[in-house]
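In structure tokens below, several structures.
The two complexes that follow have chain A in common; it is paired with chain B in the first and with chain C in the second.
Entry: the complex of A and B
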């Protein structure tokens, strides 16, 4: 913790110099909170399963001077989703890559840009939203990210505009030394707007990376957002991501989080339903083996009546993977007629794999329908027997069943092309052939 | 409408039935807690040195600990120096030699509570150990049980008469380092029951302990130890009440159960400590550590609890399943009304192979109460083939109460199957309409539905308790619908 305080004190000027005033405005306050709180220990309920301080202890480089990274992501990255026509953008480390933007223009008024630049072009808009959901006093990682972030991504969809074509953002980690990246994302959907966002996290170099990411999402009245996050990095990658979303009346949101391959991942998702009749779906799929760790921690806060939420998280663990799921559904006083469902299912494939699961309901209103379920188990013997009897080899049968288990989550993906692609990737992942496609440098490594 | 009003008034005026106090000369030691107090308690009980040492170690450990705050509870500040740790209602005024006479006032109290201490009056088939404040008043049917080799007495007597047994098992399931309140109890514990069922004996009657807090400004710190040897069986019941007072009284007990090979223990509790008044003033703070250790292969233990009383209930009757093929069950109904708070559930720790556990928990919250289920199912890496099924349902009666579920599952073995499900809902209007239509008034209908809802658990209770539990459910919830 000390190293980050010292670093900040030394580099204050440099941080401010290479960022926008709106972002700089919150830095000092965040620093105060961080200094006061420090990294949360595992005694803090929400960090029970991840030792934060340990992951932040090693020395990482930071690109505070905003040196441009010599890379053309289009050349090195070709793992695009086939048959899915998207507006493709890149964020290299935490920098928005603006040298080759997609040819097809976005609908009028829609902005996808560097956060830093947006903060200068639309200072009022950014100021009005930035840091209002991910408050530094709530979470030390928010504070740390707010202290150090200099740039990131800004997505804005104006009133009643429907963005038909999915917006795909590829977060590329690229460095010649081990690097810490503090990325910040702000997504604003005005009233009646609709958009689909796809975030893909990739690491191009085999160096160790430590990423903190804070995504703040505002979903206006009647707006519709689909946000998919797909992580496909390597075992030396550590990711701490906090996703905050606020939904207004009659809005709907689908937030999917898929961890295909990683090192250490901690995803926190805090969702607030602040307008009546809002609907939300949270899905997650985790495939972990080796010594990978994934900790998904969610909170759905039902503040007003008549909202619905659904959660489905599935984990497939093997080897020495250690994973956790903690989902809390909070139904506040007066949030009557809430319907909420939470499911977490886990497959353990080896003796040393560990799973901690904790689906929680906290309810202060009486006219609600809430349920949660959680299971830990293995592949059904009968199903295995059935398939083997019909000549499907043991390994293949296992694979099929695992795949079927994961398919529940994949089937919730509305983009057909993405759905197909993920089916393909998950299948490959189970066969142990991840990251090997033709072409790009990443796969050749 | 008028009918309804009068009913509500009647209920509102209804008081806690067991809220009377007994005017009996009680010897209470001065308030406060320090090493001298621990020594004094030990001396009053005429304990051997090893036990005093055990108490002192626990006390020193307790001093170093901080009070836990992690429960989903608003705990009042407990001033541990403002409690008297020993109250003896049996102390005769003039120091006569010979066996103590039981004050007729005490006999009357227990009669009033429905616990006759005269064996001829007692329900056949239940032996009772009656504990008031810090002292066991009487244990019935001892002779009859002794014929079979069963030891059933207060723990103080057991220390005197069977020190080797107590020494072997005391603290072996719940060590004093377990938690803050366990340390406190280990330092100052007073009477509780000691049960020893020898090998191959099936206890012919239900054993039961009735705990009563009577004196003002005291707490109750009882300690119960049950040892069930190979192939033995016992069913044990625990009941408790306290007078109405506007101060919070502390109840920090420890129950330890050891179950050997092929043995079976059933432990049932109907907890009806004073819950505080309608404004949430007073009431007992029920902070208890209960744990069973299933040591032998194929041993069985079941906890059944009906929790209706106490201002705060904070306890997790747990099972450590180390014997191969051992089975544990936990059935619970927790009812909270007015300003009561409960954070209760269980821990099932699977260590042995092919161990099985079942958890059925039903929470009912009414008024402005908060009711939480918190449970841990842990499967150790050597617990091949462990199996757990948990189900916890919450019923909300009223818009100002809360129902919460916090299940924790830690699984470290790939052959384990662990399932958990939970629901939260209120009594549906259709159900009420159905009853109303058939001439059942709303209050009764609610009681009927709640009893049906809790039936899974109540069915597990021994008969006499089941009747009491059913009545309690009705009383606890009266006035909560409207």
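Entry: the complex of A and C
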């Protein structure tokens, strides 16, 4: 912790100098909170399953001086999901790549840009949202990210604009030394707006990376958001991502988080249903083996009546993977007619794999329909035997069962091309053929 | 083809098979009859290598090879097929995926390339006709939501796809109505070749009328206590097993 305090004190001038006033405005306050709180210990309820301080102990380099990274991702990267024509953008580490942009223009008024530049161009808009969901005093990682954040991504869809073409953002980690990245994302969908976002996280180099990411998402009245996150990095990658979303009345959101391959991942998802008749679907799929770790920690906060939420997280673990799922659904007083369903299902392929599962339901209203539950199972012996009796090799039979288990999360993906692509990637993953990322040519070297 | 000598097997420490001797030659169909709990399903599971059972004594030789040294999938690839008394449902695994994996494993074993997708689907269609399996079922997950009868048809459909040398039918007739029984039995007969053989476990003469077994064995309490020609099945249908037990001094 000390190293980050010292670093900040030394570099605050440089941080401010390379960023925008609106982003700088929250830095000092964030620093105050961070210095006071430090990294959360595992006694803190929401960090029970991840020892944060340990992951931040090594010294990583930071690119505070904004040295530009010599790479043209459009040339080296082929992550586009076939048949899914997306508007493709890249964020290299925390820098929005703007030297080339997608050919097809976005609908009028829609902005996809560097957060830092947006903070200069639309200071009022950014100021009005930035840091309002991801409060520094609530979470040391929010504070740390706010202290060090210099750039990231800004997505804005104005009132009643429907963006048909999915917006794909490839987060590329690229460095010649081990690197810490603090990336910030702001997504604003105004009233009646609609958009689909696909975030793909890749690591282009085999160095160790430590990323903090904070995504703040505002879903206006009657707006519709689909946000897919797909991590496909390597075992030396550590990711701490906090996703906050606020939904206004009659809005709907689908938030999918898929960990296909990683090192250590901690995803916090906090969703607030603050307008009536809002609907939300939260899905997660984790595939982990070797010594991979994934900790998904969610909160769905039903603040008002007549909202619906459903949550399905599935984990397929093998070898010595250690993972956790903690999902809290909070139905506040007065949030009548809430309908909520939370399921966590886990498949363990080995004796050493561990899952800590903790679905939580807290209800302070009396007229609600809520359920929650979790299961942990092994590969079915009878099904294994049946398949082997048909001559299907042991490994193949295991793979078929794992794939079957994961299938219903994949089937929730509305984007057909992404769904097909993920089927392919998950299949490869289970065959052990996906140890690096599939999408990018560079990784194959 | 198949030779079983002095086979003893147990499950969870309890001995179920207490010395089975059985020889089935190429082209033959043998029927196994016996009371419930006698060990018929156990015998079929031990032949195909269910790891839940422990073989404590004896041997099983299949075309000159020691089966007990092989695991389940190796035995399957040698051409042994079991039509399960209770086929397992495998939610999420489509029949197509499952069948393709099974067929291509077999082809690989025989040194053949995987069947191209188009040909595979054509083969599925052809073989489905043999047991009149609904095309809707072939698009679902393995056995999921199938009725008892549909599961049994599906077993014989898989047999048609895999063309085993030796098949075991474990009460494939139970749960089938008269028409379905005829379809399944005729389907099975179509698959017979001079070099294939089978062991058919049943309680009913009706299936045997179609299959015309060469030899009938009576399995009681883990032992084969009587072996005779096809006329024995008729006698059992009429008089039950008590007289055979008495004859054997049980």
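In this section, the second predicted complex is superposed on the first by the 435 of 445 C-alpha atoms of A that agree within 3 Å, B and C clash if a C-alpha of one lies under 4 Å from a C-alpha of the other, contacts with A are read in each partner's own complex, and residues count from 1 in each chain.
Everything that follows uses one rule, which is that a residue touches a chain if its C-beta (ideal position, glycine included) is under 8 Å from a C-beta of that chain, and two chains touch if they have at least 3 such contacts.
Just so you know, these numbers come straight off a predicted model, no measurement behind them.
By the document's definition of touching, of the two partners only chain B reaches A:360; chain C does not.
Residue contacts after overlaying the shared chain place A:85 against neither chain B nor chain C. Of the two partner chains, neither chain B nor chain C is touched by A:160.
In the superposed model, A:404 lies in contact with chain C only, and not with chain B. Looking at the shared chain after the overlay, A:351 reaches chain B, while chain C stays out of its contact range. Contact with chain C, but none with chain B, is seen for A:394 once the two complexes are overlaid on the shared chain. Of the two partner chains placed around the shared chain by superposition, neither chain B nor chain C is touched by A:281.
Looking at the superposed arrangement, the partner reaching more residues of chain A, out of chain B and chain C, is B. By the touch criterion defined above, A:377 lies against chain B but remains apart from chain C after alignment on the C-alpha atoms of chain A. When the two complexes are overlaid on their common chain A, residue A:386 makes contact with chain C while staying clear of chain B.
Chain A uses no single residue to touch chain B in one structure and chain C in the other. Interface of chain C with chain A (complex): residues 48-52, 71-73, 76-77, 81-82, 84, 87-88, 90-93, 97-98, 101-102, 105-106, 109, 141-142, 158, 162. Residues 380-383, 385-394, 396-397, 400-401, 403-405, 407-408 of chain A touch chain C in their complex.
Only residues 70, 72, 379, 381, 394, 396-426 of chain B touch chain A when the two sit together in their complex. Looking at the complex, you find that chain A touches chain B at residues 45, 333-334, 336, 346, 348-378.
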